[in-house]
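Going in written order, the chains are labelled A, B and C, and every chain counts its residues from 1.
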Amino acid sequence: MKAELSTSLLNPADYEVAADALSSCVHCGMCNATCPTYQLLGEENDGPRGRIYLIKQVLEGNPVTNATRKHLDRCLTCRNCETTCPAGVPYAKLLDIGRNIVEQKAERSLKEKATRKLLRTVLPYKNRFTPLLAIGRVFKPILPAQIKSKIPRNVAKGKLPITEHTRRMLVLDGCVQPALSPDINTATARVLHKLGISLITQKKAGCCGAVSQHLSAEDEALVFMKKNIDAWWPEIESGVEAIVMTASGCGAMVKDYAHLLRNDSDYAEKAKKVSELCKDISEIIVNEDLSKLSITGKEKISWHPPCTLQHGQKIKGVVERILTTCGYELLPVIDQHLCCGSAGTYSILQPEISKQLQSNKISNLQQNNPNMIVTGNIGCQTHLQEISDVPVIHWIHLLDK
Amino acid sequence: MTIEAATRNKLIFQLAEVLPENFLLTTKEELRPYECDGLAAYKRLPVAVALPDSIEQVQQIVKICSQLQVPVVARGAGTGLSAGALPHEGGIVLGLSRFNKIVSIDSENLTAVVQPGVRNLAISEAASPYGLYYAPDPSSQLACSIGGNVAENSGGVHSLKYGQTVHNVMQVKIVTIDGELITLGSETLDTPGYDLLALITGSEGMLGIIVEIVVKLLPKAESVKVLMASFDSIEDAGHAVAAIIADGIIPAGLELMDKAAIHAAEDFVHANYPLDVAAILLCELDGDDIQLAEQVEKVDTLLKEKKAVAVEIADSPEEQARLWAGRKAAFSAAGRISADYYCMDGTIPRKQIAYVLKRITELSEKYGLRVVNVFHAGDGNLHPLILYDAGIEGELETTEKFGGDILELCVEVGGTITGEHGVGYEKIDQMCVQFNDAELTQFFAVKRAFDADSLLNPGKAIPTLHRCAELGGMHVHNGELPHPELPRF
Amino acid sequence: MTNITQNDITTALQDQVKQAISSNTPLSIQAGNSKRFYGHSIDENTNAKPLDLSSHTGIINYDPTELCATVQAGTKLSELEALLAQNNQILAFEPPHYPSGTNNQDTATIGGAIATGIAGPRRAYTGSVRDAILGVKMINGTGEIANFGGEVMKNVAGYDLSRMMVRSQGTLGVILSVSVRVIPQPEQNMTLAFDASQTEALSYFQELRKTNLPITATAWLNDQGLIRVSASEQVLKSCKSKIKGDEITNGGDFWQGLRDHTHEFFNKNRPLWRFSLPPASSSVIPLDDAQLLEWDGAQRWVHSNTPANIIQDIAKPHNGYATLFNSNSRIETHNNLSNMDIFPALEPALLTLHQSLKSQMDPQGIFNPNRIYRGL
């Protein structure tokens, strides 16, 4: 597609990405077919092709109002469109660039700004989010329904194994997950222990930066990224095999460090290494000898592949293979490619669309009466649990028995 | 062609009265993404976009436009490749994307009642639990809407055996320009009166707004096999096509891809296509087991006789899906090797395939533009993709000229300028080549019967006599060239 | 293959049409007259002049590998079918010939088959007359010659006037030649017969519709269901175990009898009604007269003296309709056309659209006036 981008709006690095994205788009419209918001809203402006067009206008220097921002805000960044796109348009990268400029050009209301700021100042910080969540649990009975539903029950962390294997891997503790479901990483450590791998954490590492990145606070995101790289670097130099991600949302982000820091002379090389080492937990486990776990699963499972796993990291069929190898029966789920509506902070910022996607997703997941629903990202997990009749857990628990 | 301010104000005021807030777009910013359809080379900004979700709303919108004499351009998924949904600067776009419900599936009569905005593939997905599917499968079937399919009479990979849209639709409800709701066709195998269903199919939004469709469903084939044959020359592949048909076999699909198409598609879908051959032929056969076994054997032998260097037979649905995935993604995948492409759609007698492909190569050299060939060989329906870069000054114009030459070549050998994409805005000049004044006049007569003031998608599909006269030039009519004794290049 | 003589005939026809336009004289388009009984009589109420296409004959272009034959409208069906048979091809819609007269003369032409759109036993399985149309050359309402469609498989340039000519019964123009898609001829045919009530047969046909078996005709009459299967010897053998019934020997004659209405069922002296119902209609038409079913029950024949309005009321609740196919028995003379409505009434808005189309395409109203509906 032809575009005449304004050089005054874009730095050279972004210019290159945007020009490449726009020229590879042939405007065929395939992306709309798998876009959750286009399906719900039936509006060109609320599908990837329309959003690309909106961004193109912005980057060509046309006037921007909050109409454009509204449509860009409605994007879940699920990246389903990238999976569908035959021309290989790097949509999410273009969207990031577009959102940043729109954020500056079309100012938000004070209320919106405050909400987004609040999310950015609480969620990424474990030591802020955890006490707030604890307070929330205490006051849950008197909180408004919309917030109440977002507060899950308290989960025990569980015991960590004591291990001294020669194979060592780092794990990202993250920010929200340790508060909401601290048992995921302990279960992961126990499973890897059985497979002969020690899982180690680096306390100084924290939020991956995705929250800030998706709320168009790129500079803030860069700070998180560099902090993590600094925290991990000594371990990387000492030869850890991988940096394991137990939340696919974080995984997609860390795998993108290489791209996001590519023009930073101090960090480009290190970021590249980090992104290479970054692996979703399923990518690790699928290559191991699963018989060591001696699991014979009996339950009927509905699997929800997070968008950040299937579209963001393009990992498909891997968790499915692990679980069926371990004897679990995976039930057919229709529209498995669609987002559940959690999408990071989306469920808070776009509650209406989020709720519709959530209820569509749950009815598809529950259609064949599963014993439980499993997924691979903390965001999807808590979001689905809100209205699910059956437990929603991280799939790693199924191997930790 | 633009609208007067007073009319515009009245129009928007009246539309806003009948439509909820987010059903009407009027700002440039939000209208811009509607300025083109799947053929992004042509752009026009409409006055407004209306996005109704009920037939009553469509009737109200059309009545308002009719009263104010404002053009109405219907749009489905906006995936069309002939700029058929290109807006009119003085008119509105009537978007039917919110008509996306499958109303019912009748597993006894083998039909489905669907709204026009339903995606083509969604019909087959919904019919699948009943062992049924909807046969016409344009390559854009994931995204394109059934309403658009009816408007363009879309075909697809399986048209060869199962027909185009016109062969697979039982009934259509349209809203006329007067706002009247009329049912064309029926649930029976024939309908009293004129076959207006055939007429509306392929009428490119110029006779009525399609608001509901009853499609025919077919039982899924018991077994399917896909053969992939590789050839060292594209002519050999062309001859193999003729040989299969001559042998009395009608494959479910018979598709040809040239080297450039193979490479572009392989890059995206990793279908395991051979990269060192000049062309591949994908041949899908279906039927009951015994019949299928007979046909596979025959076709395999024929392909080898016709110089196929290798024939791979895909048995499993997964392998077959893999082979087809590359074919279906081939157009858009061309985006990977070129900034823009221009997709042609001429249909020619099968025996002319090799000749026409040779001529296209010559034209490609003449114009200095690359061409990717991927097409429905069994139908003789060509889809040369001309690769160009709209960013380069004058390249679109060169491309249009090249495309025009290809279409005129198709008419010259006894074919047509469009097999399934429609004329739209893109091929309107070539209509002057294919039809004479008497024929065009006949089209105007039909148009007048439905839309006397020419408000439905004006300026598309049928050129005015004036336009044709201005184009002048050399006309090839029904394959009869004037002065055939003159040498031509 | 066109020769000078044919061009002269075309020109003569065109002159006649022009003459008719200028003198405002209606034309009654005809050739073999084998389907003259179908629809309202033209001659009776007007001073129509015949426009005879029976000498406008010949194969214009036929290449078996193109799956298309282009023929002059006056070409006899029998001649065309014989040519196709030499190349192992057939017309998918199995058009009726309706031989008539004392010698059972076969005069049916391809033009008539297209104009009336009547199809034979194969229709429900391999498509309608209209489905097989690729192109039409016609004389239009201003006396000019116009081509629509073509000879290629797919063609969406301009409105689809060629397919719309099917069933228009000459009211929109004079068909000069047609291009039809042809299909390969199956190696063999086999007919299986089984005893069944009408209800049982309907439900069995319905079951078969959901399979992919190579069925090319079904019928039910006299408490017997009949199924024609067309394929290679091997496949037919396997079908015997999949489809119920015993093979009968005179299957070919039987289906031809149904196609041409020469079967004794049609030898009755009462009006012949044709019901067109959705294929899965499982109900039996509540008429005492004998019934013959085809197309899995989508086409049903009844000779009945029941008044037209009652007949239509029977069809309507099934989302179907009825046609007075032949007001008297076909073997009688056709001078007895009543004022009965032959085709079911159209919804007012739809009728208006028909009238508007007719007046645009035939402004002088000279082509077969009132043949289908009064005013068309």
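Methods note: a residue touches a chain if its C-beta (ideal position, glycine included) is under 8 Å from a C-beta of that chain, and two chains touch if they have at least 3 such contacts.
Every value quoted in this text rests on a predicted model; they were computed, and no experiment measured them.
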Next item on the list: If you connect every pair of chains that touch, what shape comes out? Choose line, ring, star, complete or other.
Entry: line
Next item on the list: Any chance you could check whether A-B or B-C wins on number of contacting C-beta pairs?
Entry: B-C
Margin query: What's the distance between the Cα centroids of chain A and chain C, rounded to whole Å?
Written below: 62
Checklist line | Distance between chain centroids, defined by C-alpha means - chain A, chain B (Å) | finding: 38
Margin query: Rounded to a whole Å, what is the gap between the Cα centroids of chain B and chain C?
Written below: 30
Next item on the list: Could you tell me which residues belong to chain B and also touch two or more other chains?
Entry: none
Notebook entry, point to check: Of all the residues in chain A, which ones touch at least 2 other chains?
Noted result: none
Checklist line | For the chain A and chain B complex, residues of the former touching the latter | finding: 1-3, 23-34, 38-39, 42-45, 49-50, 53-54, 57, 62-65, 67-68, 71, 84-89
Note to self: Show me the residue ranges of chain C that touch chain B in the complex, using the header's touch definition.
What the structure shows: 63-67, 88-89, 117, 123-124, 127-128, 130-131, 140-142, 144-148, 150-161, 163-164, 166-168, 172, 183-185, 206, 209-214, 231-232, 234-235, 238, 276-280, 295, 298-299, 319-321, 323, 343-344, 346-347, 349-350, 353-354, 356-357, 359-361, 372-373
Notebook entry, point to check: Given the complex with chain A, which residues does chain B contribute to the contact?
Noted result: 22, 25, 27, 29-30, 32-34, 36-40, 49, 51, 53, 77-79, 95, 97-98, 100, 117, 119, 121, 140, 142-144, 268-269, 329, 331-336, 339-341, 390-391
Note to self: If we count contacts the way the header does, which residues on chain B are in touch with chain C in the complex?
What the structure shows: 106, 108-110, 131, 152-153, 155, 159-160, 163-164, 166-167, 176, 180-184, 186-190, 192-196, 198-199, 201-203, 207, 219, 221-222, 242, 245-246, 248-250, 286-288, 290-291, 294, 347-351, 376, 378-381, 414-423, 427, 431, 434-436, 438-439, 441-443, 445-450, 461-462, 478
